[in-house]
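Look at the two complexes coming up: chain A is in both, with chain B in one and chain C in the other.
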Partner chain A sequence: MIRLLPSAPEAPVSAPSGAEFVVETIGLTKSYGGKTVLDRLDLRLPRGGIHAIVGANGAGKSTLFRILLGFLGASGGTARLLGRDSRCLTADDRRRVGFVNEEHSLPDWMKVGTVTAMQRRLYPAWNQPVFETVIGSYNVDPGQKVGQLSRGERAGFNLALALAQGPELLILDEPTLGLDVVAKRAFMESLMYSQATEACTIVYCSHQMEEIERLADNLIILERGRLRNMSPPEDFCARVRHFVADVPFKGPDPASVPGLLQVQRIDGLHHYLVLDQGDGFADFLRAAGARNIIDQPVGLDEAVNAILGQHHAAPR
Partner chain B sequence: MRVQPLLIQIATGDSRSISKQIVDSIRMKIATGELMPGRQIPSVRGLAQQLRINPNTVAKAYSELTGEGWLESRQGLGLFVAVPRQRLSDEERERRLEEAMSRFINDVIALGYALPEASDRLEAEIEALMPRKRA
Partner chain C sequence: MLDLLKAEWLRFRALAATVALLHLGVIAFYGRMVDLLQQPPMIVQAVAAAYALAGLLLGLYQMGSYRRPNRWLNLLHRPLPPARIALALAGAGALLLTVALVLPMLIMLAGQEWMSARVVDVRHWLLPLAALLSAMAGYLAGAYAMVGVRRYAPLVLILPAMLPFSNAVGIGAIAIQVLVVAWLLYLLVTAFRPDPGRIPERPLPLILTALPVQLALYLVLLTAGDILFQLGWIMSGTHPLNSVPPRGGLVEASRAEGPDLVVAGLAASRSPEAPLWREQVSISDAFRIQPGFDQLPVRGELTNSVPIEFEDEEHQVHWTFSHDSMRFEGRGTIDGAPRGSLGLGESGARFQRPPVSLGEGVMVDAGRLVRFDPEIGRIVRRLALPAGETIAAAPVPVGDAVAILSDKALYLYDAQVLEEGDAAFPARWRAPLPGPIGDLERADIVELLDAHLVSFAYGRGNPDGAAAPFQTILRVDSQGRAIAVGARPLKSDFPLLSRFRDRWLSPAMNMVRHAMLNLFAPRTPLTAAASAPTPPSIWALALALCLGSLTAAWWWTRRVALPGRERVGWTLAAGAIGLPALISLWLFHPRRQAE
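This part shows the complex of A and B:
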């Protein structure tokens, strides 16, 4: 957010406001060396609500944000932010987007009060009461240098700045990483209950399922640079089911198991985590010789783990 | 009109969604008479803040409860516990009773109580809840 970089030159046309999708990518691809980080990604995030993006390390989340914000070029495809091509965002477009990254990078040598004054000048829609409410949850003094703040205090300061600018879209890259429980709670409460976020679409990436369960309206799962799921978190949970069966011997060839995400053999019983399988899956297990079959729904953490674990790197 | 305090426990990591957990516990509180008809329940935002969850999740639970007739909204005033009526079809009631019984029996059979003792206890517990429901 507080990038002290020259912004893109002012364009005469004003940004297309009221775009239906706050984020839109079509066939977005990015490769570093021989490695494809974003692989023809098609993603459309509608305006409103809290969108959580999860993915294994290296799934392309931060790269996606960097391309969307115009800090990084794509290798192929297009990316649009608030309806505008990310490569030609104007200063006005940038004013409408708040960005908080995991480093909470702010100039270390500046005083809190100086950074705040600078931001206030930069953003015409600056909302001082919102800034004060959010920063009030953290023990931050205007006379302190940014470099002297703790990680949690910097996170709070960063969020206060981003919300006070009155953004239409707030992008957060693992914002609560490394925060203590109190700071984390204050951070989430500012996000959910601040008046500044009422009209704001939030796009947020995290590895913390508990947080996502409390926060997210929409769950986006990225895997190796591709979209694996986009739905409300509970709809995603409903797609994954856990079956336990006494299949004899080694059980059916994993390649033949429909919707298989994960299989584990414990005490001679086979545990299957499967995707999009109805009661027909029990018939499949019976056909494989199972006599006792039970199944149960799973929680978000287990469901996301199962899907990301399917192709996750593991020692052979 | 004062808002009735509402204490609910939710757990993340549960296979029931948070919204479903809210629906279940409010239904239980109405059925047992802890929440009386006509009382006002917390606002969407208020309960969201209390539970530290997204307000949309509370709104979803409330709309399910309103749809099933447990709650009613009064224009501009908020949400209230509705006057009870039988909300489920006969088959659905029967199915739920069946389900609850089998869960209960699974737990109790393992404890090895003699039948008269177990059924007396059950009767006493149900009786203790019933009169309040009628009040």
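This part shows the complex of A and C:
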């Protein structure tokens, strides 16, 4: 069961192996100069499942990962990964955490087989069958140099390496960014059908809603460094409703519309996307003069875009 | 760790091999023209600088490529302690530099040792190590500049930059290089952590990081300030070196014609003969003698601080001194074939120390002057000074005589001494030096009818804070009695603030700089100088700067909210070191930590 939790007392620094949460931040704040990127973020991700983090550019996703992995200092608050203070991660902690980012930074000058052998020696829990299963989905030859791989092949190779390490936690930071449709699909299928994912918790950051929809057990929405939502994707979709109403003239003042995320007028009809509004919203529209009201289902993409677009600066 | 080292080796091996081949080609080309192992210090230092530059570029490029956030994350997010990752990368750097720089040198040395008659001493086999250490110092400084905190990390380049100025020689020089490399490696390892923007927290890494930064700031302030001051002075048209020098000053004395200088030195003479001498001097020739070399070669030094080879043109043999055999080793100038050894005297005895070759077969062996006699094919003693004295310049002809300057006295011999030796032609006279040899600017000899007047002008190094300049005139009669007949103080020409700039800016850093430069340095009698006490006004200025720095540091550490112990430490450092520590504080803590 995934839920938003209230703040808890600080967990002990040295209790990493049996930690309840793979990721835990309390009041986490990061500012660059005068700009706040993470704003007192309280986040707890329990073990197991795939946690998808979405947010507009600059919402603080990558900053959050960098702080969690100890590569960036926080301006305030605490961050823990697998129960360990992120500033004090040990080599063993890093063995337990896989990380794949959008650059798929791998040594271009080395052969695929050499890189694989190197990783195999580095990670005692290396799972060769998992590696072979994932890499088998790609046309990658061990004698090829990494620099000769296509972007999709690099992504697949990187994923195979990360999964074969046998991580308890796998962080994927926009791994499909820049991939074509075929490569994206191959990547997603590799991830979904790998046995390795059953044994680890995955934190997946992406802008691709179809990926989130397919993968995520838990949807985390960050907005301007704050936690806006944490729930299963379907629960989140259920919170957002799309009403189409035939309202005369301009319709009600948007400021007076409860839970309004987005309003558009298309072909004379008003489209309202609202958050946490029950059937009573239809009564509100009727009171505003609406004659016909249709309550449409909302897809994840539409719901997320609406919530992220709510406070987004737009041309006036 | 080994895998990471191999990965880096694979990455740069083609580059290393290419550089190695080019390097070997250059060495082979120049090796055909000159004896590479007998080059003067300037050439050797230029080559060492090129090696350090090669290392610096490798360090900058290698670490620069990892310094992008995602690459840095991928490099360090692995089940290895960051220190081991740093050591693996640095190990790869050392391996690459060994292949590119050391291997060609070893090939050259081996070729010279076994395929030519050129001298290859044990000390020369240390040159590849010294080259590797120079390159590693550059490499590690470049690596640290990339990995460390950008605001101050590049300043640690001061450590390799100071190496050419170290006064250590031989194994001592190697030890200094090892220390610098170890220091830089320590800095690199401590900077190698996931968040490289954090400054060191623990006292030892903090001190070892701050010290070179402060030293660099000190030298930058010192040099930049001096350049600005000198330029401004030159532009004003009153700089003593760039206009008519002030009367009675050191610059005027150093530039004056010999007779004019002696006449000026006699101006205040109370000797009744002074007017007559002045007349005689003004129509006579003066012979100028200056210290010729500061350093004496030390056995085992890596490079030749002074030339130690000469040519026997008559027999077409090139003689090169070997530190191993302590004799000269001959090589035919036409065929390059070995021509045997050449020691001292009839027995061919070993030299006690490496000699200084003055050309034309004349050599200084500490207090002895020896000469190669091509007719008998031997090196023969020509003159010997009293025990404990060291010859400080080449013989200077003075009419039918020759002057020999030692660290204690000036001697006049008959010119025949160079042919027949001092047994037949002992010293005509000995005039003791009125000051330390390290301060002597020049000596001038004027021959009178019945005696010689000798002028000693002191003040060498005075523009940089050495002792006050003065001139002394001695009259040395035919019996060898030396009597002071004239003296005058010379003006310093340069203001106190300029002369003592290295002291008032930061007395502590001045001491650190000198301690570093003189670590493991051999003692040499030729640099002995009088101590120049720091004037009270300079001490007062230094104290004021330190107190001002202390106050500013206290205020700044409070503003940036440093924790108590750190705050006290920085404040005390600013009080003890002054401006360099204050500026380094600002570089280390530019703003409130929480931001």
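One rule holds for everything that comes next: the second predicted complex is superposed on the first by the 299 of 316 C-alpha atoms of A that agree within 3 Å, B and C clash if a C-alpha of one lies under 4 Å from a C-alpha of the other, contacts with A are read in each partner's own complex, and residues count from 1 in each chain.
What we mean here is this: a contact is a pair of C-beta atoms (placed from the backbone, for glycine too) under 8 Å apart; a residue touches a chain by one contact, two chains touch by 3 or more.
This one's a predicted model, so the numbers in the text were calculated from it and none came from an experiment.
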Original post:
Of chain B and chain C, which one touches more of chain A's residues?
Top reply: C
**OP:** Mind working out whether A:Asp246 is in touch with chain B, chain C, both or neither, as first, second, both or neither?
**Re:** neither
Original post:
Does chain B (first) or chain C (second) touch A:Glu174, or do both, or does neither?
Top reply: neither
**OP:** In the overlay, answer first, second, both or neither for which of chain B and chain C A:Val97 touches.
**Re:** second
Original post:
Touch check for A:Pro233: first (chain B), second (chain C), both, or neither?
Top reply: first
Original post:
Which of the two partners, first being chain B and second being chain C, lies in contact with A:Pro297: first, second, both, or neither?
Top reply: first
Original post:
Residues on chain A in contact with chain B in one complex and with chain C in the other?
Top reply: none
Subject >> Partner chain A, residues of chain B touching it in the complex >> reply: 12-20, 45, 48-49, 52-57
Original post:
Quick one: in the complex, what on chain A touches chain B?
Top reply: 49-50, 185, 188-189, 192-193, 209-210, 213-217, 233-234, 237, 296-301
**OP:** Would you pull the chain A residues touching chain C in the complex into a rising list?
**Re:** 31, 33, 66, 69-73, 75-76, 87, 89, 91-92, 94-95, 97, 99, 101-103, 105-107, 109-110, 114, 118, 121-123
**OP:** Show which residues of chain C lie in contact with chain A when the two form their complex.
**Re:** 3-4, 7, 10-11, 69-74, 76-81, 194-195, 197-198, 594-595
